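First up is the structure itself, then whatever we jot down about it.
Going in written order, the chains are labelled A, B and C, and every chain counts its residues from 1.
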Amino acid sequence: MTEPSGAQPGDLNAEGGHGAVPMSGVPTQNAPAEASRREWPLWEVFVRAKRGLSHVHVGSLHAPDAAMAVRNARDLYTRRQEGVSIWVVPADHITASSPDEKDAFFDPAGDKVYRHPTFYDVPEGVEHL
Amino acid sequence: MTELSASSGHLSDSAHADKSVYALRLGDDALIYAQRLAEWIASAPQLEEDVALGNIALDQLGQARSLLRYAGAVEGAGRDEDALAYFRDERDFLNAQIFELARGDFGFTIARMLVVSAYQWELYSRLQASTDETLAAVAAKAVKEVDYHRDHATQWTLRLGDGTDESHARMLAGLDLLWPYVPELFETDELVTTLATDGIAVDPAALEAPTLAYVDAVLTEATLTRPVTEVRHTGGRRGLHTEQMGFLLAEMQHLARSDPGARW
Amino acid sequence: MYGSDFTPPGDTSDDTPRIEATDLDAQFQAIIDSDGKIEPRDAMPEAYRKGLIRQIAQHAHSEIIGMQPEGNWISRAPSLCRKAILMAKVQDEAGHGLYLYAAAETLGADRADLLDLLHSGRQKYSSIFNYPTLTWADMGAIGWLVDGAAIVNQVPLCRCSYGPYARAMVRVCKEESFHQRQGFEILNTLSHGTTAQHAMAQDAVNRWWWPSLMMFGPPDDASPNSAQSMAWGIKRFSNDDLRQRFVDMTVPQAEALGLRLPDPGLRWNEERGHHDFSPIDFTELFEVIKGNGPCNKSRMEHRRGAHEEGAWVREAAAAYADKAAARAAEAPAA
């Protein structure tokens, strides 16, 4: 096997779907100067798969405004009849719980076992409870 | 696909032929338009728009296939959708010329989509009531599709018309290029008048006022105005086309014709 | 000089990951060890984040550039049914690119930046798309072999450790199931069609077979980055394992098609329980990656051209959104 200079086989990563793309020496960010343009904002998309179900987050897309975002979402995320209703939300309008507070935020719920029906003893033979 | 029947027993032979021609006209409109729209795939201004234009092209192609299949069935000469699409020569294509005009820039594409989808919406919403069951069924499906195309064109016309100076100028240029080809959509002739009287077809002349009313309302909101021109190009319904048509057909048909009789 | 070198010209910022398993956040490692999913706002090693951005972005670029070789034949498809299928397929590829860019953006990347990196040639796309599509049979060979290889690569990614990437891949794989099948059907029709059609099919398979095998990357012993990638649950199987799986899967399909795979060394090895095949000459792959493939220049020119020609449209929509927002702000409150 001949290896041309500059190309080492170890630089190649094949798991990116269509395979054989170089990974070493490939930047992941642009110089800040190039990032100053006015780009379309990011929208998060939620789709209701069918009546009776909640909207579920399916991904995101870019659109200049809400009207186009909901249309782009229709074309992108429901090409195969995946939905009956769509929500779009500007990505920067979403407030999320902080992963740093994860323990303080969610662990206290862990010992409140009495919130679950399985906590309670029901005498044999009692139904509809 | 549902089997398309050509059984309208009481019609005369010439009425059958007329109906086949009518289906061919509408089918050719959609086929040639789909061919042009598909030229945007992998070339759109934004990736989301690649997907959107792909959807619209697929809708038009689907309508074309239903209509050509029906035209062939009514004709009764054994021609299927592919025989009609690939083995007719330019003079036998009956689409209005507006559909074959070169892809152009995105401004022209949106200008054409606005007019054409407004026209198709008016057409198909009426054709749903056709006494011909197949045409009515094709129209019922198509009207939902072109409703979305019209909406897409409307949204983009607003944004390009009332966007930047450049986009405004490009929309105006697109409309100027387009307008001489608009009146042909509303031309009527004996064939279509007869079919319309029988409740089979929709008289295109009746579509002019509502189509232009819709277009004008969008243009006004988009700070654009409809061009004023006396120039009219016509002939598509009689198989007379622009020079651009020959290249479109050459590209579309050459492979299918390279091995006639072969299955693909 | 796009697509021609591994070290981007003038790139002094060193954000190439140093892939070492040191200083990993304990929580991160615990999730990985328990085969759990990392989600966007979790703490993660910088090398994991950057490695993923790079991989997902280049995967997305591959989908987007991958529209061109097939888009090339939409206008010429030999039947209306094939035309519709091809349009839907190429459109899916745009969609898959978008799902993947969305996944990359959850890691703090910006899609416009990633596209800039593609357009300036600093990020790459799969070399397979630098080969030309010369005949209609290439639509079959791409679907059958190239998409077939991609599926073998992509299915394990549905279980990769990064949640948004895994979810995007689930969607992609579900949608792609028809892609390979339609390619097989095209070749099957041609192979059993006229003599000219059969020859066209065989020629396409001859041209696409080796590039498809190269899609799995270099042999394992020459793929040092794979170990870290596997430890992090991004990669699940080695290049050679996946390539072997693809060969074993494909050989009986070729027989069903009545087409020959162009490798005299290809034979069943009873002992291994796998097919043996000839050593792969990676020289060509490296040439294509260096930018010397038949279509490197034209693919990039087309992509950049579409982007640049679309700039006025994107600006117009942004300007309209600003105006509309200003109008809404001025309007008296109801």
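Here is the rule we use: a contact is a pair of C-beta atoms (placed from the backbone, for glycine too) under 8 Å apart; a residue touches a chain by one contact, two chains touch by 3 or more.
All values reported here derive from a predicted model rather than from experimental measurement.
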Q) Can you list every chain that touches subunit A and also touches subunit B? A) C
Q | Chain whose Cα mean lies nearest the overall Cα mean | A | C
Q.
Using the stated contact rule, I'd like to know whether A-C or B-C comes out ahead in C-beta pair count.
A. A-C
Q. Could you state the distance in Å from the CA-based centre of subunit A to that of subunit B?
A. 39
(Q) As a quick test, compute the distance in whole Å between the mean CA positions of subunit A and subunit C. (A) 20
**Q.** Centroid spacing, where centroids are CA-atom means, of subunit B and subunit C in whole angstrom
**A.** 36
Q. Hey, what residues on subunit A touch two or more of the other chains?
A. 40, 61-62, 64, 68, 76, 79
Q) In subunit B, which residues are in touch with two or more of the other chains? A) 46, 48, 51, 55, 159
Q) On subunit C, where are the residues touching two or more other chains? A) 91, 95, 98, 314-315, 317, 320-321
(Q) For a test of understanding, state which residues of subunit B touch subunit C in their complex under the given definition. (A) 31, 35, 38-39, 41-51, 54-55, 57-58, 61-62, 64-65, 68, 81-82, 85-86, 105-106, 158-160, 162-164, 166-167, 170, 251-252, 254-256, 259, 262-264
Q) In their shared complex, at which residues does subunit A touch subunit B? A) 40, 61-64, 67-68, 71-72, 75-76, 79
Q. Can you list the residues on subunit B that touch subunit A in the complex?
A. 46, 48, 51-52, 55, 151-152, 155, 159
Q: State the interface residues of subunit A toward subunit C in the complex, per the touch definition above.
A: 1-4, 6-7, 9-31, 34-35, 37-40, 42, 59-62, 64-65, 68, 76, 79-80, 96, 98-99
Q. So in the complex, which bits of subunit C are touching subunit B?
A. 64, 67-68, 71, 74-84, 87-88, 90-91, 94-95, 97-98, 101, 136, 186, 189-190, 193-194, 196-197, 302, 305-306, 309-317, 319-321, 323
